């Protein structure tokens, strides 16, 4: 129900619309819920609406965190997740 | 698929799993609730639990908007279709949820109700424009992820005076449900549901941010890790929870940092509070009446409120007695504890809502995990 | 004055602007004209030209196979095909999956009043082309017209007959523990091509329906490995449901390897979008084959040597399981059930 | 815990209050359950029980005949029958009219969402009874579900196959000038029974549809006169249209004797009421036979000896006529053309 | 069937025919017009003309209400269905009459018009009651036989205020059409159409009586025999006409005395004049504008008048140029005189209205009499 | 179009309705256009309405007229049709 997926913006259209691409599948979505969407960015789409963006650097860091696990055994891990509290 | 495939890598999963196995403390049990059905679904579909040590137990939470929809609300939608002859537009997931009188939306459709599955709230508004002589009701369900699109179409309907359109608002709120579980006697007093931490919602948190969970970490001393819906996100979150438990911490950590910020999507939040306001109470299936746990349409948009337009007064309806959905949604029982599971209750003939949505605990176990209940001999 | 009555019907049918009306189904001269000027002209064979209520056919020796399918696909035209060729392929494939050489088809049409004749013509011509290409003539048929609002453009039911060569014995009940499970190519393309055309989903993709007649592929497979145990085309309900059917018929379980199942990236992407699993999406030009472990290599090679099996893959193994579960080792490393389709994943795709 | 997963589907179908929903046509477990608990249970034969996508059949020697019909009758239930038995008889008769012994049937169903399962059960049971009585099993099938408003309850397409015994050669093209034209009984009952149920016409009559399988009658006829030239069942379009078809196929004319054509008084009365001609009204249990003049007596005797031919009569003679006119000496003493049905005399009667 | 079968007796017909053969005077030609399509149909269906001497020629008149309907009126009905989205109810016979733009009611139906065949005017009213949200138009055609039922439903609609019902009134009058023919130059001046007498309508006369024909007998010196629609009625009427001609009489005789009186059905006449009034003029296909030849709905029932309700202004539309319907309806030509007959124009693809109704001269000849155009060799 | 047939009244119903019979075919029709319809009478029905009655004596006389033709050759025939002028 909360199905949402990261997709790449390939065209920004008037009326807060954009065309996104996922592995060759293209679809028009609404960008009314996010600010300043540009071509090349990844947005997370839910029921036809972009509800947020993907931060590529943070994504990279998360992937690195998964892998750095191997080396670093101690906690806190080297690339610690963002601490919010 | 970028940002998807990398987060489903089985080899990386093995490494993280090895870490969990190494770090769990002998003799200690770890019980974590994944609040969201999205996590429940990922755990079952990818077989995440098989990678976990015996001592780590995942408890399915109530975070499936279809599962928590009480019968009385489905009855409203059916009434709009069958009695008020409205076109009722709905997200496909709700079609099979059991309602009163042996009905469901799909059965009401077969009985002549004009009920249409839509992919997006905007489709419902389009249908209203295309059928100016018919009333069109959008049956709006969902957590904070799904609420902003509903707010957008309500605002647009009002701006364009599309007066044959209305919304049957059943949007519910995540934090109130978590509070409710933490306040429940099973968790608080008896300890029948030993929750050592939460995996926090992925897409809900994109909208509301991770901020709202800090209260739980502080007040109830429960670790929370906000995590994405991909299997690596889940297993990583479990590792992070194990570590918090081991270290005696109870913090809000954000594994889904690539999409979730502390404050969330402010555009969406503002829009939602422009259009909706808190209900003082709302019935959830399984949880009963939960105070301040849902939204209703503000009076400025009253003429687009299907409850008002069709005079739909809420009447609670008891669930099937044998159905354990309630206990399952509270984390007290598992699907296989239900006598109906897999015999009387199957996805074709669901007796409870948990057997309907693929995010429901019963459906997920039935569709993906059932083999574990029986010994399998491979040739 | 005898020159005055020139033919039985003189004005040709208006295939440009005309529409089906109730008279085309009433069995009188309009019906006869439609059959003669459209169906007989397009399908063009001796049996139809004879104009009897049935066809009289000669058959080679062997067991006879009969299979039937109703086609109610919406939309009628989709990327890669239309209901016309689909209705030829769908039934030819059911005959071929019994190990038979398809020989003849019958077709029955239920047309909705108001359906544009131009579209009907396109469909019939596509059907004729598919039948010609497959070498399986449509030898008899029937056409009815229903009132507007009591149909959906065109429904086509086809029935096929064919003959099984001696020595071939294929049945859904013949899967045995230890057998290899093969698929002839990428799965899910038909269903995704159809969905991309649905107004409410409408997405763009280059995916075409895989609709194709598989009897040539089957012939090549049987030439290489006459002892194939099971053949089945995973149409409605997809690979998942078809394997469950076979598991039930044979009283066995199955263990699939997700990583081995060929799925095109666009199909995977479309499924992500819609929350679907490609295992449940319909195919119209793919087959599943089950054979003894020792024949697997040779069968796979024969499949790959045929254009319709170029991407064939071994996707799992038959196991012993009294409960008939189809299980799958996930790409992620876990294990899960691959259940029957429950409810409807997609409305009306074949 | 293994006792928990008892069967694939445990709750039996609710045939009392249930309705068809889209899931019944999606090809998953609901479809399988409907097929197993309704179709396989009612039609009950080895081929269906095997659960393959087609049936594997053994055949006696002889030419094979294949015929198909789509049935879209409205109302679905009518005095003397329903769409179920009609769909069995209609196709058996087309096979029999080729001089073949009908052996096997296939059936494809297009069900409308919301159709009551109780009615579907009645139809299927009637179909099963008709098939049992005729000794022609339904060996394979297909079921699709269309959305409410895109169908009309139930459409059934059936295909039949049969074998022609050596020495029998029947074809619509074999009518020769001088041949006798026979009909097996009173005409027009089916169409009138259907019309009596139409809301806007609604009249009371004791007329029942004549729907019946005619292969037994045909067998008796061929035993008496193997050299029958033409057989045809005058369904849609009635006797008039069927004779015109044959005249066209054979390149001959016909001369009928109105006084000799058997019509029940109630049928005649209903036709008077509606301004119809019984010659154009559909039959579902009658046949027209054409044979050499010298065989006519014997054939007529054989027909009259069979319960379905008790009221058989000779109604005319084949004549030479390059224009293929069917003419009739009227009871009044005049002569007129009996033309093809033009347009629709009646909507949807078979 | 009592009062039917006795009137179709071939042996009796032979006797009457023998009489005609005996009584026709050598060298004299007898041309009679059967006004009604019902007679035309009976003559063709039963092969009556074959029993007549060469010297007796039957001329088909314009008494087929379907045939005389001009294109512009069919266009009105199509407009109501396609442009005003009304349910248009009609007697089946009108469905195939060619209208403008290659349309006909059956083609308009295939294009989505909600056009329904009814057996009775009462069915149209019932449909209006069952579809309160739709406009329902009854396309009322027919001569005096068919007008009274329309009057009844109009009166009932008004009494019960069934305001979504209206009538598109195309009822026409028999006597005016006969006058028109008698006044036509072909009959009056050139003598191209030598009419020695009329067979008068059967069922029309039940309603209007035989009285109205006296005018023709007196004024135009034409014998009239009112006759039933059964073949014996027709042949007897021909004998009676032959005798009047032979004897130089021109009287109104009534062969259909079992059902027709001089004054007709007064109940029906009163009702009709309560609801309808004369139109000053009306276009007939073939005859053109005929003064005082049709009825319109009185202003008391104006809100049930479809012409007023939908603002349907009458626009005459020319017939297909090659179609000889007009001349055929005036008795000037025969079907086989038309170049389109049986080639371009057939019952499946009628080019003119005479090929539509089985009472039309072209359809009757095509369906029943065509064999006479070609030499037939019987074996 | 002016199709109308003589049928026998077998039941008179309230609301100016009657059931008629034609060789075993029964149908409800309206008698609103004719006065005093009784069971056993023959009415002529057009589009579901009785528009007139059949006079049995006149019918008999017409049939006799058809047959008397044989004997009487002269005109006026013995059973002359009703003269209206």
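Annotations
Think of it as A, B, C, D, E and F in the order they're written, each chain with its own count starting at 1.
What we mean here is this: a residue touches a chain if its C-beta (ideal position, glycine included) is under 8 Å from a C-beta of that chain, and two chains touch if they have at least 3 such contacts.
Being a predicted model, the structure only gives us computed values, none of them experimental.
Steps from chain A to chain D, taking the shortest chain of touch contacts, total 2.
Of all chains, A has its CA centroid at the greatest distance from the CA centroid of chain E.
With centres computed as the average of Cα coordinates, no chain lies farther from chain D than A.
Averaging Cα coordinates per chain places chain A and chain F 87 Å apart.
Each chain gets one centre point, the mean of its Cα atoms, and the points for chain C and chain F are 63 Å apart. Look at where the CA atoms of chain D average out and do the same for chain E: the two points lie 38 Å apart. Put simply, the C-alpha centre of chain C and that of chain D have 28 angstrom between them.
Listed for chain A are residues 3, 5, 22-23, each touching two or more other chains. Of all residues in chain C, those that touch two or more other chains are 2, 5, 22-23, 28-30, 265, 268-269, 272, 275, 323, 342-343. Contacts with at least two other chains are made by residues 1, 4, 106, 119-120, 123, 346-348, 370, 374 of chain B. Chains that are in contact with each other form these pairs: A-B, A-C, B-C, B-D, C-D, C-E, D-E, D-F, E-F. Residues of chain C that touch chain B in their complex: 177-178, 200-201, 253, 255, 265, 268-269, 272, 274-275, 317-321, 323, 325, 327, 330-337, 339, 342-343. Residues of chain B that touch chain C in their complex: 1, 4, 8-11, 13-14, 44-51, 95-96, 106, 117-120, 123, 231, 346-348, 358, 366-371, 374, 376-379.
Those residues of chain F that touch chain D in the complex are listed here as 3, 5, 22-27.
Of all the residues in chain B, the ones that touch chain A in their complex are 1-4, 6-7, 12, 15-16, 19, 22-23, 36-38, 64-66, 91, 93, 119-123, 141-143, 145-146, 148-149, 152, 201-204, 206-207, 210-211, 214, 217-218, 225, 229, 232, 236, 239-240, 243, 246-247, 251-255, 257-260, 262, 265, 267-268, 271, 357, 359. Chain D meets chain C in the complex at residues 2, 5, 8, 22-23, 25-32, 50-59, 63-72, 74, 94-95, 97-98, 100, 104, 106-110, 139-147, 149-152, 155, 157, 159-161, 164, 171-173, 232-233, 235-237, 241, 245, 248-249, 282, 323-324, 340-348.
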